[in-house]
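In what follows, structures are represented as structure tokens.
What follows is a pair of complexes built around chain A, which joins chain B in one and chain C in the other.
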Partner chain A sequence: MADIDTSSTSSPGRLSLSNFGVWGTILPLASAWLVLIAVTGAVRSDFLAHQTVLAVAFTMAVVGTLAVGQALVAISGSMVDLSQPTSLILSALVAVRLLELEFAVTLAVAIAVLSGAAWGFLNALIIVYGKINPVIVTLATNFIGLAALFLVFQIAESPINSSFRAFGLGSTLGIPNIWWPMVALIAVVGFFLPRTRYGRRAIAVGGSRFAAQARGISLPKTRFAIFTAAGAAAGLAGVLFACSSGPFTPSGGVVYLLPVIAAVILAGVTLSGGRGNLWILLLSVGFLSTVPTSLVFLGLSSDWQAIIQGLILVVAVAIDGYEARRGTR
Partner chain B sequence: MAHRPARDLLTGPVASITLALVVVITVGLFSVGPRFLSASNISIIGQFLAIPILVGTCAGFALLAGVVDLSIGSMVGVSAAIFGTLLINGWDVLPAAAATLVVCLAFGGLNAIAIVGFGADAIAATLGMLTALRGITYVVVEHWGVSGSLMAFHPGLFTFMNLSLWSLPLIFILVLLVAAVATLVVIKTRIGRHLKAAGGDERAASRAGISVPRVRTTALLISAFGAGLAGIIFVGQIGAVSRLTGFGLEFQVYAALMIGGYSILRGGVGNPAGGALGFLVIAGATNILDLNAINPYYVNIVIGLLLLAAVWLDRLRGGDSYE
Partner chain C sequence: MNHLSLRALALSAPLALGIAIASTGSGMAQDTFKVGMAVGGMECCEWMKSQGDVARALAAQRGWDYYELSNKGDAPTALKNAGLFIQEDVDVVIQFNGQPSVNPALAQRFGSAGVPVITYDIAEEGMYFVGIDNLAAGLAGGEALGQIVKEKWNCEPDLVISAEGAGAGIVNTWRTGGMRDGLKRVCPDIPEEKWVSFESVGQATVGLPAARDLLAAHPNAKRMAVVGLNDGGVLAAINAAEQLGRADEIIGWGQDGAFITGPNVNPHLAGSVFYFLEGYAVYAFRDVIDHIASGNPPPVKHDAGDPASRVQPCPVSAEQAQNVPGLQERVAMLLEAPAGTTAYDLFCPNK
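This part shows the complex of A and B:
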């Protein structure tokens, strides 16, 4: 695996987890996931069954796809995209409405993904020409976007008995269909980001925008590319969401925002930019998606998942902060 | 910079938000009529604004010190859930309130340990706390409540919340007093100068002998205390707690604070009076739409546009330019 690291805080000499490079993120995450599986399996042997794989993979699909968009935004130094709840539902709604008009599935899906990309482009327009921080811009556009969606529809659902719906509820090789596009997206983006000129520009801008500018990289162009790509990822997530869930409301995407950001942080993508490996998202998303199913098997209500996930995040960022502080001393 | 009074009037930090309030009141008087400024209408707005202004005033201390506390919305929820549960189990109001506030301060202390002690990123750490506290609220409300809501009506407390003074809700006047005192503290006292210094330039502040960790810890505790108190007021006003009490409040509060002149990205700017004006502008706009029977979802569109306009104005008057 290629570790991308342009941040200045990691020095090779210090003794800490980050000395192991990308493995310093992978090993604790993978061990935590394995411990969780082992403990739940030890208490309830029926946990280690195909049903569990189905449930976890189903949860992973939308979260993982959104996480790719969120990770792109973070790696390029724009911190977070708080408007993902809007782009997700916008795309889902576009897909549903087009299918109701009997568009071909592939065309409907393509236009839905493009609508997500268009939303990201709109964010970039305001960020670049208003010269306003992305966190504030996406906070504002999410207020505006969700309100606009509420004005347009109350509840929507992909057509029952359509092939679109059948895809969303079916599975291939024993794993839900909607899981595969997510994995493909993470694999492809994770592969090309550190290996292509455009990807490396995005990382360079995240590492230090002044250094990137000095090297002749255009900040506006990079921002447009990143937010449009992130919007397209959210658009794809909207399609997966629409085909796999029942009726949804305009606020149906709100619940995903925080778990997705948590997954990105756990995967070692620093919010300040310049560092991160997308492939690790598979681990962090998988780990976080296993928590709810494990809790149910351990006899705790699913309400406990928020407590556990929140504490995991606090501990993870505390350790991360501690490591970074030791590194700069 | 040259002294340009006309431009300063339009773009100065508190001037623009005051101007916005004047615009809202003018639009309100024209579109709604004199009843827009009637005591009964202002009472309705005030009753509704008590909690956001209290939460915003206290969270503003954290912003000034340069640490964003995202956990305030969930803190209101968990405080309301704990306080409601204690009331249900026969506790008196004062001990229940004290115990609730102690718990909230402990959660605020955890935020401080992660952020100040370990050096965790404030947004990420308080995002985790936001999630965890929401989970605790779920668990408490499910355990002691009935079908997703916890009934904790307290007649005495309810009466107190509905007391009036000069035909305005007493609780609203008290919260405005808190905001006024907080403004004086920020503008006039040494504590306020230390806050702004710690948030504005951490290194310069340390060199000047200010203990930045202590300032930030205090600010995070104040933020938690305000949200905890707001949860208690919520139970008094509404008499019931749901799983989603306070959900998303953090976004509303920070939007209003930024409209009022704070910045979530750099510490040391803004003051509680500006923040309170930000809430009044949003509430006034909401009220105009309500009274004209316009779909309430337009309110969020107005908030979004106001937020962009406020930050853009901030940039024009020398704030952060994002390039």
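This part shows the complex of A and C:
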């Protein structure tokens, strides 16, 4: 498992999660997930059932796919992409409209993913040529994008009797079909990011922009590559969302932003860039997707879900900040 | 002029421009009757936009000025809009306000300015109530679903799921609670532990994860009936059952008719209750605004039980709904119909 780390965040002689390398993230996360499963299973034995696996896996699919794009943006030092709700719905809408026009499913899916990539490219265009902070740009483009989507449609839904929908609701090996593309994406990006030229450049830019530039790495080209790839990931998430859900509105993607950012931070991806391991996303997304299901089994109302997820995010950000401060001492 | 007032001027300019752009009508003369319309502007619902379209057309037919603003499903925006309408000196305001907590403040503000207000569906003292009897609509839908539960499962479902929309306040209580009560009228002996709820927010995709978790927590439930605030909320539970491979075991009956027409109706949505929300302006103009414009304002009736104008609920099965035109077609047909004809008159198959 290749851990990406261009920063020096560990301080010898003092206890820190970063002293344990990638295991400093994996072990606490896996332990927390196992404890959650064990406690819920002890209270409700029917928690350890196939229905729970399906519920958690469906939640994981869209969140995990979005988290890949979000992790790429963070690793490259651009903090977060706040426009993911728009790119998700944009690509979902493109897929649905093309299927309504009786395009072949593969073609509709390809164009939908490309529309997400185009959205990411547009973000990069504004960031690079406007020389504006990526967080501000994606915040603004999300507002603009949602407003534009409202002008275009109110409600959309994939055709109920289509093979597209059947895929989205189906399972392979007892796991939802839409879970597998998420795993494949994490595996592919996780494998190639530290092993390809663009991947290494992205990590280098995230670690230290000035050092990367001194080595001749083009910041604009890297940003175009990263945001376009992140947009494509969001485009794939939109396709998975469209084929597995019912009618959706332009704002249907907003609910994903908090769990996606929480998953990225919990996976040990530093928002300041240069460090992160995409494989751990599987753990963090799995853990966060299990939390709301566990709460329901434990008899807590759905109102608690947002509270718990928010608290987890706060704790994760606090740990991230603590580790970063230790690294700068 | 200090910095504060300069900033206020700068901020108010776009608002003034917005209201100017939104206004229609040929003249801006002082004596032209002015209708203000605050549409709901919530993201869930296409009919909210259509409510404005019908009101605009009816105002244009009468040669009146029409000003439209969106409440955006947001309480502060609704309050801000009230100020803009008063500033524009409108003669009457129609509002759909999905955030009823600010209705008392709105009533006070409009009352002080002497602007009569028609409120759709959510009653408030001092405002003309035009709308559905939400409790009656809930009861009707619940009874219709109860008949299916009785015929199909001998009134012995494993689970009755309520798709709540707490943000709608009393409307959720009337509709979702009304559906539960209606179902109990037909099937009075369903045990208490069979009744469960989740927060759907009235949207299929937003409520989907919560519904999925709820169903996973009841893995042995085979026969499931769903009631809820609206079609979108009910579909959240149905879509969750589809994802978990349990779609054959679930039947829902919605409210508002948003997803029961057209070619893409979910087969597990057995029916819905139409209010024909897009056509409320016909009632508002016919029973209230025309009288105000002619100088004979009717008494303010704010009680949903004794309203200024009552909209009839129209429960329909999915099969019957296939003969009901879609939203846009209904709007077009309504505007072509003789004055005062309601959407209920035109489209309800169960009159």
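As a working rule, the second predicted complex is superposed on the first by the 316 of 329 C-alpha atoms of A that agree within 3 Å, B and C clash if a C-alpha of one lies under 4 Å from a C-alpha of the other, contacts with A are read in each partner's own complex, and residues count from 1 in each chain.
The definition used in the following text is that a contact is a pair of C-beta atoms (placed from the backbone, for glycine too) under 8 Å apart; a residue touches a chain by one contact, two chains touch by 3 or more.
All values reported here derive from a predicted model rather than from experimental measurement.
S.K.: Would you check which partner chain A:150 touches, where first means chain B only, second means chain C only, and both and neither mean what they say?
M.R.: A:150 sits against chain B and chain C alike.
S.K.: For A:219, using the defined touch cut-off, is the partner it touches chain B, chain C, both, or neither? Pick first, second, both or neither.
M.R.: Only chain B is touched by A:219; chain C is not.
S.K.: Return first, second, both or neither, reflecting whether A:187 touches chain B, chain C, both chains, or no partner chain.
M.R.: In the superposed model, A:187 contacts neither chain B nor chain C.
S.K.: Which holds for A:160: it touches chain B only (first), chain C only (second), both, or neither?
M.R.: In the superposition, A:160 touches chain C alone.
S.K.: Does chain B (first) or chain C (second) touch A:27, or do both, or does neither?
M.R.: neither
S.K.: Of the two partner chains, chain B (first) and chain C (second), which one does A:107 touch, if any: first, second, both, or neither?
M.R.: A:107 contacts neither chain B nor chain C.
S.K.: Count the residues of chain A touched by chain B and by chain C, then name the partner with the higher count.
M.R.: The partner that reaches more residues of chain A in the superposed model: B.
S.K.: For A:309 in the superposed arrangement: first (chain B), second (chain C), both or neither?
M.R.: Only chain B is touched by A:309; chain C is not.
S.K.: Show me the chain A residues, by the header's touch rule, that chain B contacts in one structure and chain C contacts in the other.
M.R.: Correct list for chain A: 150, 301, 303, 305.
S.K.: Within their complex, state which residues of chain A touch chain C.
M.R.: So the residues of chain A touching chain C come out as 44, 46-47, 49, 51-52, 54-55, 58-59, 150, 154-155, 157, 159-160, 169, 171, 176, 241, 244-252, 255, 292-293, 295-297, 301-303, 305.
S.K.: Within their complex, state which residues of chain C touch chain A.
M.R.: That would be residues 43-46, 49, 198-199, 203-206, 208-210, 212-217, 219-220, 232, 235-236, 238-239, 242-245, 258-259, 264-267 of chain C.
S.K.: Report the residues of chain B in contact with chain A in the complex, numbered from low to high.
M.R.: Chain B residues touching chain A: 110, 113-115, 117-121, 123-125, 127-136, 138-139, 142, 248, 251, 254-255, 258, 264-265, 295, 297-301, 303-305, 307-308, 311-312, 315, 320-323.
S.K.: Could you pull out which chain A residues touch chain B in their complex?
M.R.: Residues 79-80, 82, 126-127, 130-137, 139-144, 146-148, 150-151, 209, 219, 254, 258-259, 261-262, 265, 270-272, 301, 303-314, 316-322, 324-325.
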